[in-house]
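Next come two complexes built around chain A: one with chain B, the other with chain C.
Now for the complex of A and B:
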């Protein structure tokens, strides 16, 4: 008979390229300052690629992740609704997947839902249902 | 291409005639254009989980999501039910038909597999003791048809071979999986096995059995191949639903539940892996049409074509194109009026709520098989949860849609 291992199995998902929490922390702070600078200068469109770049997916520290998501959501809400489609058109596939993850993270808070729904519609049109499937299945959460 | 203009006009003239008849007779007006059709559709059951063709492609065995195997014979342009094989207690998850030895192997959720031999116009089952305590999920004959591998929920693969002395199928286990094994595929050398599992990994094992395979083949994995030891492990970001070796055995394609497809080049170790993210829903099964062309089928209900340009794999196109879908469904005013009354009677609906998908398959495609052998597969068949069996002709598709050129 095959091994009777009926208990819950801990599936180790090999993480490649995980950095330490300290590195993530400093990266997030750096990102925060850069993004704030651009937002204050009114350059929300330039802030988005920086905000989406290299999300802290490999850390187990929820605080770092939440901090990063605050940065991303602030950029998303700063960009005007009319510009959303144009911005999405300029993003590459990887950025779109990361963006979709943050959209869902933001929607789960329930505070900034109106602009996020517009973002969702736009990203869905560009990236397709596959991006939503990847939000649901990816164990490396943002 | 003059013949295609003729084909289109004949299509539209027949639409008016056939629109009042049921979709079962879509096969009727396709008869007249057999040489030019890009696909043929047959509704064989309510729902089909798996299918397998015999050697000369005159018969197909399907599992209609039940504990029976239905064998259909191709009579002219339709399929006729020839036999029903009843031996399993639970849903049959997988069927494979060995083309040369004409043996059918079926695997089921009842933790058993049967090998069926055709003797005196009857299919005689032989039970195979798999020694698993969970459902069998997939079964595949090896290229030389002297072994078969059964993937199961017992986190193992049973590689079975026939022992002449005891006149019995013996199974050897490949464990090393942390969760259900969803699919297996044999390397052309009859010894290597690639497995896809819901533990997010795609692995390659040696399934070399001394009594059956005489020599150990030379592989890139070295000379010492121990049965059941993982030779290669590749990570996926979701359950690995589909795995396939390319015709040469140099590439492994695996599709996972995160709507992605990975192609690993294992001609050199460590393998170079390319990931293609899909626009749509996950792929369930794969088929290499040639070394450079791959078709994935799954929950999009549409076969997807991927091709490699100098080693770079990318999505090319959906195979079920809109114009073909419209022609096959035969929509018209009379047909719509009929749909309205039908929905009023059956569903009590006041308006035509069109739940019909645009694609020819109305539900997830579960299985894809090659119909023609050889270096390039020119015809393949798909079955789905909608109960349809569709045969696709790549040459006709190529002629009609230039981007579907198979390399």
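Now for the complex of A and C:
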């Protein structure tokens, strides 16, 4: 057997996907403050790319993921129905996939269903059935 | 089954969106292929029921709207759809339970119906690759959506007739004591 004397293994800090939970937590809080700033200023359209950027898919901590999804859903409900199609047309493929994941996450609790159905319809039109399949098959859940 | 229920404006529109969302998700999830069991040779089991290997299962999706919700669990060779019906009062709770029991007792005739619903839901469907091989996928999806629409209508019809009957019975009975 090879001699493993790499030193003591740190068991307290869990590194998943290259970032610790603490880093994810601070990222989410940073995102939350930026997004609330923009929402209060009435610029919900600008808040969306920030909210969708770099989701905490690698962390095992469910609370961090839930916090992030609250931020995203608040942006989605803030954007008016008439602007949804235009916003979706400006997103790239990666953002559309992340958006679809958050739409389904929001639909699972059933409170904000009406705007989310509109979002679902327009993302589906842009990205096709494949986006739904990718939500179901991707191990990196949001 | 009669198609195209007369839906009222406004409320019907929201239900339409809900059903369209479910329809799209079902169409995406119903891509099934034959896959023999990896544990037992020569056996073929619906993986969504067995849940033996994580790599064969898809992420479950819940689509909820107020009180009613739908759980869609997919896998490589099978799909399980569980529906929870909206029940607005006590009598509808009883009616829904009885109606679902009536249907699940005759599950063989429905082919894709599951005899026992999943916990937390009123009724469940299990669609396997053998079903999609014999039947059209879009027709299966149509069937499930139509089923959900009709259930709501039937339960409210039954509730109205129960109330009407109860009123008539009470009138006749109390007439004696007038």
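Quick note on the criterion: the second predicted complex is superposed on the first by the 124 of 142 C-alpha atoms of A that agree within 3 Å, B and C clash if a C-alpha of one lies under 4 Å from a C-alpha of the other, contacts with A are read in each partner's own complex, and residues count from 1 in each chain.
Rule of thumb we're sticking to: a contact is a pair of C-beta atoms (placed from the backbone, for glycine too) under 8 Å apart; a residue touches a chain by one contact, two chains touch by 3 or more.
It should be emphasised that the depicted structure is a prediction, and the values quoted were computed from it without experimental measurement.
Trainee: After superposition on the shared chain, which partner residues are touched by A:30: those of chain B (first), chain C (second), both, or neither?
Mentor: neither
Trainee: A:110 contacts which: chain B (first), chain C (second), both, neither?
Mentor: second
Trainee: For A:53, using the defined touch cut-off, is the partner it touches chain B, chain C, both, or neither? Pick first, second, both or neither.
Mentor: Neither partner.
Trainee: Contact-wise, after the overlay, does A:83 reach chain B, chain C, both or neither (first, second, both, neither)?
Mentor: Touch status of A:83: no partner.
Trainee: By the touch definition at the top of the document, which applies to A:120: first (chain B), second (chain C), both, or neither?
Mentor: second
Trainee: Have a look at where A:133 lands relative to chain B and chain C in the superposition and call it first, second, both or neither.
Mentor: Both: A:133 reaches chain B and chain C.
Trainee: Check chain A for residues that touch chain B in one structure and chain C in the other, and list them.
Mentor: Residues 129, 133, 137-138, which sit in both footprints.
Trainee: Hey, which residues of chain A end up touching chain B in the complex?
Mentor: Against chain B, chain A makes touches at 1-5, 9, 11, 13-14, 93, 97, 127-130, 133-134, 137-139.
Trainee: Spell out the residues on chain C that touch chain A in their complex, using ranges where they run on.
Mentor: Residue list for chain C touching chain A: 14, 17-18, 20-21, 24-25, 27-29, 31, 58-59, 61-66, 69, 74.
Trainee: Would you pull the chain A residues touching chain C in the complex into a rising list?
Mentor: Touch list, chain A to chain C: 104, 107-110, 113-114, 117-118, 120-121, 124, 129, 132-133, 135-138, 141.
Trainee: Show which residues of chain B lie in contact with chain A when the two form their complex.
Mentor: Checking each residue of chain B against chain A gives 131-134, 152, 154-156, 173, 175, 178-179, 199-200, 235, 237-238, 257-260, 277-282.
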